[in-house]
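Listed below are the structures to be examined.
Next come two complexes built around subunit A: one with subunit B, the other with subunit C.
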Partner chain A sequence: MPLGSVVFAFVVGALICLVTGANPIDAYSGLLCGGFGIACAQGENPALQVSNTVVFLIPLITTGVAVALPFRAGLFNIGAEGQLLAGAIACTAIGVQFKDLPAVILLPMVLLGGMAAGAVWAGIAGVLKATVGAHEVVTTIMLNYIAQWLLRYLIIGGPLQLGAGTSTSKPIGQGARLATLLPADNSLIIFGLPASVFRVHTGLLIALVAVAAFAFLLWRTSFGYEIRTVGQSQKAARYAGVSVSRTIIITMLIAGAFSGLAGAIQISGVDHNLTDKYFTDTTGFDAIAVALLGLGSAVGIVLAALLFGALHAGGAIMQSDAGISSNLVLVLQALILFSIAANFVGAIRKGLPFGRKSADLPPELPPAAGLMSEAAAPPPEPT
Partner chain B sequence: MSALGDVGHLLLTANLWQAVLAAAVLLLLPALGGVISERSGVVNIAMEGMMLTGAFFAVVADLAWHNAWLATAVGIIAGGLIASIHAVVSIQFRADQIVSGIAINIFAAGLTVFLVNRIYGLQDIGHIGPTEGLPYIDIRGLDQIPFFGKVLFQQNVVVYAALILLVGIHVLLFRTRLGLRIRAVGEHPQAADTAGINVYLIRYSAVISSGLLSGLAGAFLAIGVSNTFVPNMTDGRGYIALAAMIFGKWTPFGAFIACLIFGLGQAIYDNNSTIHISPYLLSMLPYILTLVVLAGLVGRSTPPAHDGLPYVPGSE
Partner chain C sequence: MGHKRLRFVGLVVAAMVLAAACGGSSGGGTPAKTFKIGLVTDTGGLNDKSFNHLADVGLEKAKTDFKIQGDVKESKTGDDYIPNLTDFASKNYDLVIGVGFLMQQAIGTVSGQFPNIHFAIIDGAGTDANGKDLQHTNVQSLFFKEQDAGAMVGAMAGWLEKNGKAKKNLHVISAVGGVSIPPVNHYIAGYKWAAKMEDPSIQVLVGYSNNFNDPAKCKSVAQAQINAKSDVVFQVAGGCGLGALQQAGQSGVYSVGVDADQKDADPSVIASALKKVDVATYTAISNVVKGQFQGGALTFSIANDGAGYAVDNFSLPAELKTELDKIQGQIKSGALTPPADIPA
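Here is the complex of A and B:
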């Protein structure tokens, strides 16, 4: 089903291109080149394209986990973006404040600080859900915007601003920076380019550890079992002696920590300071598509993150090579979401004469289905 | 203290309140759309995308035909069309309505800039200026009333329309048979169906209405307020409208009061030259206030019972 959704999106995307007079083959070969370094028309360096995709992939994995984990508890975290920003802000604040500390102390400080900030940000939504039943979708939307405006305040006229008239923060100290995977050495030539242009950084390893930790937590720990029980039925969970409110709050705290980590890694590994680029960052929303497309499993999340990382990296090449706006990528992403949510693929298969009969198919619910069944329920009783 | 004094002075000027009402209307229209949609049981977090779509197509039509009325009509219809995607996906296909709403917002953000590029050949930043704006109309006689004349009767034509719509939608929802049906479908669709109400028809109409209203707000934003289209120009207004709807407890007048409060923040933001608070901190206020309301500190805000649940005919 996930693959079908992607195919559906690309077919509709091609139709949109055709209707608006763009050549879909040019568009998609641009995406393929920018995403995976395949079929490059203008002699782009394939290794560099792959490196760019991986740089996009890293925060998508961790924020994807931040959406997928609460899904399992029946919670819809659409606040990954705000939590990411909180993490990026905390990472920057610590990295600037203690810029002279050695990496062995400062690096853990900025990463853990980012995780803590993200956890607090999501925890607000968790506490509101667990205590008064405020819907987490609405509270996380509000928290997204609060984080966004806080960021603007901090780097435009606020305490983190680099200097008057700028919309960037001071840079974090050397000790707060994640190393690149390849040595940052201009004399070293790898794949025909100086090694320093490859921005792939050690955050990749952290992200892979994070997604493994997610799978372990969910399937190999008693708390993971509690999360899944609460997601299946709050009533049953309560009957089994699981504290629903405690599970909700801790799940949100962990999810926020994953998003906060994504923000910290972006600052620590890529940007080294907060910029106005973060005003329009959409990683936390892409994460929703990553979690849904990856069916909430660890391997699925990595694969889906790879797809969206490639789309993002590919969009830039499509725009420069084929002259087609990189915003086509957003259109494709929305189409994938529509398709997963509505299960168009299942509907198409049912409608086709050679398709399997609907009775043969297991009920193909979207991964988010059933989330809303608890939405109108009264707040969980404190246990 | 001087900042507070400045705000106090600003609050006494008619200019400020004139701006407050205009800013509030920009939020009120999508908020009313949200009220109708959610009262019928379809969660709508897609006002942002519907507004953006309306704004874009209003500008395109304005540039093509140099007629603000025609352009507004096109913006309204565009909002309705994109809302019908949300309707089909969430009513017919029973998709998760939040995922569908997010998809609408992403779709609108991407498609509008993609089309700026296709239609005008501009890459990404499509600062396009329409030629004809929606007119500001002074109501002869009434506009001479001190203070209130300026605030209420020297406004854009859309402001008057929105105030009429506010009263109309309130009456529709709470004083007519149709309104009772809409609310019944949102509270208990099975019972409504049993009583012979066409649940799907009501929900489709409600969701598409929310798109029409958001499209009007988008047109007002693009060819009434800013006279341009820039990518993502709605800048979260659709989400503030969502907040206003919740703040106002899913009622038209409640939403209007919330919009006035949020509009006040916006107007103070716009008049920042006279005060010394960071505009960015002020911009957080609508969202923080909504969290406070949701936390139950100012009374509970409860959505319609079947808000967000797809209706499956014959289900218990």
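Here is the complex of A and C:
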């Protein structure tokens, strides 16, 4: 199903290219070049393109997990963006406040601080869901806005502002920064370019460990079993002695920690300060698509993050090489989401909303949770 | 599930191979003396009807006048600035232009990595994370005295209020800023200063949307100001500000556009404060083509026709025209100097 969605998106995207008088082969070779360093027509450096893609996909992996994990418990976490911002804010605040501490102390502090802040942010929605039944879709969306406006206050006129008339924060200390895989040296030439242009940082390893931890938690621990049980049927879970409210709260806390980690890694590994670009950051929303496309599995999330990272990085090359607006990338992303959603609609129509293995989902589950459980069962073969 | 993932990987690989096979042949050698110019927009994009658009206008004009290859990359998010600038620099472009103050730090980083590539940046310099100008000799800063342009439209608004020629004439006007950064505040400073000069009893409301892209945000700021009796809304928020212009139209008051001539954005637009980014971009390109590139700052103002104003959906009373010509002349000669900081 995810493969079909991607193929569908690219076929329709090609038609859109043709209709607007552009050449889809040029467009897609530009995307391939920008995304994977393959088929570069105008002397782009392949290693640089791969490096850019990897930088983009790192936060998508951890926020993708932050969406996928609550899905398994039947929760729709739209708040990954807000949790990411909370993590970025905490990371920056700690990294600025204790900027003179050595890396061996400060780096764990900023990363764990970011995770804690993200966990708290998501935990609010979890507690509200578990205690008074406030729908997590509504509360997490609202918490996104609160995080955005908190960020605006903090760096425009607030305590983190760099100086009057700026909309950035002070930079974090050297000790709070994740190292790049290649030395950040302007004079060392690697792959024909200064080594410092390759921005891939050790956050990649952290993200891969995080996604592995997610898979382990979900499939190899009793709590993971509880999450899945609650997601399949809250009534059955209760009958089996699982505390549904406790599971919901802890699931949200863990998901928030993953998102917060994404924010902390972005600050620590890439930006080194909060800037106004976070006002319009969409990583946490792209993560929803990544989690859906990846069917909520660890390998799927990594592959989907790779695709979305490559699309992001490739759009600009496509625009400058093929002269096709990089907005086509947004169209492709939207088409992928659309075809996933459309598939879901088809399943409803057939009267088979949920897969064969999980026959017992309560109807009040949000649609995406149903989608995820369907994905977990063997889907019909798409030939 | 395992075989499914394998198939997915297999298909991706097949697609790559196919596209590699099809796309490899379109390069070709570049002729000797064609200058390559790369333009990177900020997140406003080329259709912001504002300074990204104007930078592109300057590039297009340079394309017709000189033998250059001009390429544009639109930045979707702030994450794209460094990759976009780096891509042009890594391909040995003769000039890489960054549009906008928000790209300062990215220009600072990339210009340090490519000391042999020329960079120009609209509204900023190449800075470090502390906002300190790194003074790289391969970076030319293109600055504007936005306060000159702001003063012209401010004088117009103030005169209309004083002489009862606006809609409500309650001696209240306003400005909707994007983010509180120097280029935005320069406009508002000139606007407020000149409005008070014309109409000492005037009250100038200033609000910020904290956004440059989303019209809805500026619309709500403008609405709050109009509810507080504002009669003329000056937008200084790029694409976001188009919402402020629309709100003024819906509420039946006047509005003022920014950067480019925005008379087509809404019928309520009576004037636009012009920052001639096209002139600046063209100048930077022509300097490179003529081998006259210099690091450091170039400032564009009313004095060198790099700033000004346009009268839009409004017929200017003769007395006002005389007054504006007088003020423009005085700013040009240096007899009047609009302030860079917003006056109290």
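The rule is simple: the second predicted complex is superposed on the first by the 344 of 383 C-alpha atoms of A that agree within 3 Å, B and C clash if a C-alpha of one lies under 4 Å from a C-alpha of the other, contacts with A are read in each partner's own complex, and residues count from 1 in each chain.
The rule is short, and it goes like this: a residue touches a chain if its C-beta (ideal position, glycine included) is under 8 Å from a C-beta of that chain, and two chains touch if they have at least 3 such contacts.
Source: prediction; values computed, not measured.
Superposition of the two complexes onto subunit A shows a clash between subunit B and subunit C. Once the two complexes are laid over each other on the shared chain, residue contacts for A:73 go to neither subunit B nor subunit C. In the superposition on chain A, A:152 contacts both subunit B and subunit C.
Contacts of A:280 after superposition: both subunit B and subunit C are touched.
In the superposition on chain A, contact of A:334 is made with subunit B only, not with subunit C. Judged by the touch definition given at the top, the superposed model places A:325 against both subunit B and subunit C.
Of the two partner chains placed around the shared chain by superposition, subunit C is the only one that A:170 touches, whereas subunit B remains out of contact. Judged by the touch definition given at the top, the superposed model places A:182 against neither subunit B nor subunit C. Legend: residue contacts after superposition of the two complexes on their common chain; A:312 is shown touching subunit C, with no touch to subunit B.
When both complexes are aligned on chain A, the segment of subunit B among 6-14, 186-194, 222-230 or 240-248 whose C-alpha atoms clash with subunit C is 222-230. Where the contact sets of subunit A with subunit B and with subunit C meet, they give residues 152, 156-157, 280, 282, 319, 325-326, 329-330.
For subunit A in complex with subunit C, the residues that touch the partner chain are 2-3, 7, 10, 25-26, 28-30, 32-33, 36, 38-39, 41-45, 48, 52, 55-56, 152, 156-157, 162-163, 165-168, 170-171, 186, 193-194, 196-197, 199, 270, 272-273, 275-282, 297, 299-300, 303, 307, 312-313, 315-317, 319-320, 325-326, 329-330, 378.
Considering their complex, residues 1, 4-5, 7-9, 11-12, 15-16, 19-20, 22-24, 26-27, 38, 43, 71-80, 82-84, 86-88, 90-91, 102, 105, 110, 112-115, 129-131, 179-182, 185, 208, 210-211, 213-214 of subunit C touch subunit A.
If you check the complex, the residues on subunit B that touch subunit A are 43, 45, 85, 89-90, 93-100, 102-104, 106-107, 109-119, 123-124, 232, 236, 239, 242-243, 246, 278, 280-281, 283-284, 287-288, 290-291, 294-296, 300, 303, 305-309.
On the subunit A side of its complex with subunit B, the touching residues are 16, 20-22, 76, 78, 124, 128, 132, 134-135, 137-139, 141-143, 145-146, 148-150, 152-153, 156-158, 280, 282, 285, 288, 292, 319, 323-331, 333-335, 337-338, 340-344, 347, 366, 368-369, 371-373, 375-376.
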